[in-house]
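Shared between the two complexes below is chain A, which has chain B as its partner in the first and chain C in the second.
Let's look at the complex of A and B:
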């Protein structure tokens, strides 16, 4: 409680009436303060509403209209269609298969990114300083590479005829990779894109988790060791719980990023793969809606995606809360 | 969330949002046609930038000084915009008329969509009153026609023909294909003789290579019925054409592993790289092929039709020049269009850029003096075809319905009957959603 608040509480007189129950009096004084905390929060709220609230409002708004290029440029009348855009999407079997693709693909990317990033972070704590520096420089390079450039380079490496990967595979005797197209099969194409995604997003996990491990004070570990705890035990019972907040943040970030993958799929599978087999929600939304100037439909997709991500994040936080401490 | 104040305030916020939701519609721009028609001032022109920009700039510069000399008080401000970002540029111009140009170059497949957005001005009267217009290729002019009104002047046209390797065909003892069926047999035979070479490089996503097969077999993408279009992809003739093209994307000609993803450009690149014996390429690809390693070993003929001596109808690609609806100088702008698209400047564009003219007589002149364009002009003369002129085509195109059909067939995900029926259904849904 701030000094100001307690001063107010004193003048309110509630304290004198019920001096024994300090808790209830505090609650009452909080209610009295009413507007004050909101005033403090106002600047943040204004920024949030301008940067987040308004776009989301427009997104929802547009999704309720028949809103195409003709309507935007004033050639055709604007029509409120309610939930028609959503109904169209839900009735489209392709939407469901794309949604399935997205969940599987994003899920795999999240798990792989976390595994690779965390194991390398643990490894980094055991490395000599110069090896560690080299590891960091290399992974920061991958991190710093723009998604478009990274995708193009990976595609180049996996080119059926000119790519280095196929050449190496053939030279070690795997002749079936002569002219092998990595993007022809649905799952091999997804695998290729997923490896690129993991390649450019594991450094974030590596750096964050490494910083987290470094922040665990050595006294705690030493104390555990003195109590006779084994290394795996220390990792499980000391380090992991202490890393928990960081792992939570990193996981949520990964889920959101990987759900929203666009560039990698768009570039590496040439806009969604053969006959659209590699479409994920974001690319699907772009192709079905924005490239085709069906903004209403595209916005409906955007709303669904935002809602999905919020639900996933909430459920995840909820589960964590149930199993232990909150973030 | 247990604080009642919090609940009350979020409820209030929600109510406010709901109120706002019902109260205000998403923004629309008031893109009414301009009512003024100033006879002087600056007209702004958007043309596409080219990889090799100088020749185009030179011709346009000459046209601009010609125009300014004959129209006192008029100035022309030319801007070159990248083709790749044209969609965003044009949409922005339609949404904000004050930033729109007066004249623009645009692809003929984009026209219907631009007209539906209210962006282009009716040029029927301008074309009617223009003495040169009687020589415009009728089939090409028809691509600018929506509801009996022309919304642009065809500036140049692009068609595709059959490129083949003279050396490979000769070594295998094969004749130049005379029918579409020949193309398939020759392609198979030449690959049998040269296992590392594609018989003909075509692509699952190369829609303009697939269209001649469809049309030569009597099929159609869609036909106009009343106010809307109805897909003809599931007709027997169409299915014949689709199967004939899909048969090329087989292991013994152009393996789907390699070719299913190819677009038109990628399939021509295979030919340029010497990796295929034949391809369906455009007149605009000629320069690149003639500068490649196969430059002395190739020839071009029109894509043959079903019977010997016939030519398969080609897709008439190309660009138009048009006037924006929001232009405050319609007459002046239309005058500039008519100058830049005139016979004189089309001839100049051909000389410096190789762009095929849209006037039948100019086509003949250039074909007579330039044997390399003869197969393309012959293709044009035999009659071309086009995609359905409706703004919904851009949706169908963006959603990949047409190419997706071929890719499903060649990858074995669906047979011709199912894929064509699905594509027809999907197309009809888009046509109907207009």
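Let's look at the complex of A and C:
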């Protein structure tokens, strides 16, 4: 543990140091500065500025205007309304319920994904090789499945009349599931979408955490064992602290992914559920803009979404820095 | 989850001489639980393939048998002939391949600059890359929609309703992660090699192209998978940007056309899903190892 930490500190130390000091040999022997790196950087960064930077600027810009279909087609003058779109949102109970939905839904997905992924990663360390391979192959299959087709299959499995799940439930005597619609009730619809999301995203956690466990040196564990530490004790006092950086990364990635879910909700609840009961921020913003033609309001939602994720990202960067990652 | 607890408790030090692997004693419980979970995880995919092969009559009758006595390719034929799925498949392939090529080349060059050169803005730019990876691209649909509409007036190829528009936005979205991932692979090439190449007279771009690129190729493949998959799976942008030009639609949207109120053609939906899933599966399994090591590299920095 300490050896690893100090080794890490050492590498990050040399990597961060400026090349002017005599001690840091690595950077100094690299190519001298000049125009060359900028030539290599230019194409990628031009694309990034045009397709990420400028749109973000425009998103904020549009959110400050009353921007509807009439303004798009040029029939009405564009009016700067300042924060009016945001005020409208804050005053709208639907916005708060959508925000609540998003946090609950994303939170549930994150917790379940992490729970399933890490449990299976621990389980995977104690399996026979062929069983482990089988588990990993099917997990990769679920991981690789596109959101659209995954949603389609899960919808089919839970179809009210033709779906396998209802048939099985009825056949074991639960007759109330005859023709039961899983997408009718708000929470069962969210549950159905969350199952699909967990199904296709736990493999990332499984693979990453498993790799992390494998990277823990056997000697450390052996030493602890010789000192008389029990397995739960080893898990708590050695494996968990050593896995912490990986678990943090995986958690933040999951938060970001699950906050942004669009396809699954859109497809499985047919655009946000009955009377918009299953709307999450992303889908809500999309509907406001492209279905209701309230581009200004939709952009304001986009800004809120981006701001929330940026806060999470900042926390992420902080943690990365604290764990001694070198950029 | 109980299985994990059980096996954890069982794993007394005396019983487990190796780190975590099974020692002499077999843990049937863990293996059985893992197999059950594997079956559960695989089931939706199995059901997708099976339903695609079942005859339409069986599906409409709500056949729940986990097998079929008369597999037929009717659903596939229906999908490919009636709904022009072949065309959409081709569109998806074109967009994904072009995105992979462009974004990988651009990201590779950028990652070379960011790892093998020392210059003032280096760390700042890396943070920009990291942050832009986190931008919720879905939120940018509105400004991108207007951007592409205007761009289309100047360059029709990248305007709305054109495959070029999808290529453009996905190149933009793929680059940050690709840079982040390739960085690790590029940094792993020893500096000595660069010195040697320079002594041999290969410096500058020559070194990057003829020495560095071949060495980093495995990483390039791994990172291209991510660009490929995110582009291939895209539903939102295809839906938003390809409005009226049906012939330029990609697979995800085409699949949705089978969803009809009341009477979904599940056979066709499943067959279409199989067609859409297979390329990604092949890609994923082919580069599985690289993917894991690449991810670890990307995660650990």
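Everything below uses one rule, namely that the second predicted complex is superposed on the first by the 252 of 327 C-alpha atoms of A that agree within 3 Å, B and C clash if a C-alpha of one lies under 4 Å from a C-alpha of the other, contacts with A are read in each partner's own complex, and residues count from 1 in each chain.
We take it that contacts are C-beta pairs under 8 Å (C-beta built on N, C-alpha and C of every residue); 3 or more make two chains touch, one makes a residue touch a chain.
These figures come from a predicted structure and were not determined experimentally.
In the superposition on chain A, contact is made by A:275 with chain B only, not with chain C.
Once chain A of one complex is fitted onto chain A of the other, the partner contacts of A:244 are absent, as it touches neither chain B nor chain C. After overlaying the two complexes on the shared chain, residue contacts for A:148 are found with chain C alone; chain B is out of touch.
Residue contacts after overlaying the shared chain place A:208 against chain C, while chain B stays out of touching range. Contacts of A:48 after superposition on the shared chain: chain C is touched, whereas chain B is not. By the touch criterion stated above, A:168 is placed in contact with chain C alone, chain B being left untouched. For chain A, the partner with contacts to more residues, out of chain B and chain C, is C. With both structures placed on the common chain, the touch criterion links A:58 to chain B and to chain C.
In the overlay built on the shared chain, the residue A:69 is in contact with chain B alone; chain C does not reach it. By the touch criterion defined above, A:183 reaches chain B but does not reach chain C.
Note: residues 31, 38, 58, 62, 72, 161 of chain A belong to the chain B contact set and to the chain C contact set alike, using the contact criterion stated above. Within the complex formed with chain A, the residues of chain C that make contact are 1, 3-4, 7-9, 11-13, 16, 19-22, 26-27, 30-31, 33-35, 37-39, 41-42, 44-45, 47-48, 51, 59-60, 62, 64, 106-107, 109-110, 112-114, 116-120, 123, 125-128, 130-132, 134-147, 168-169, 171-173, 175-176, 179, 191, 194-195, 204, 208, 229, 232-233, 235-236, 240, 251-252, 255-256, 264, 266, 269-270, 272-273, 276-277, 280-281, 283-285, 288, 292, 295-296, 299-301. The touching residues of chain B, counted against chain A in their complex, run 5, 9, 17, 20-21, 24-32, 87, 91, 94-95, 113, 116-119, 204-205, 256-258, 260-261, 275, 391, 394-395, 398-400, 404-405, 407-408, 411, 413.
Within the complex formed with chain C, the chain A residues making contact are 19, 26-31, 33, 36-41, 43-45, 47-48, 50-52, 54-56, 58-59, 62, 72, 115, 119-120, 122-128, 131-132, 134-135, 137-150, 152-154, 156-157, 159, 161-162, 164, 167-168, 199, 204, 207-208, 211, 213, 218, 221-222, 225, 230-232, 235, 245-246, 249-250, 256, 259-260, 262-263, 266-267, 282, 285-286, 289-290, 295, 298-299, 301-303, 305-306, 309-310, 312-313, 316-317, 320, 325-327. Residues 31, 34, 38, 57-58, 60-62, 64-65, 67, 69-76, 78, 80, 160-161, 179-181, 183-184, 270-272, 274-277, 287-288, 291-294 of chain A are the ones that touch chain B when the two sit in their complex.
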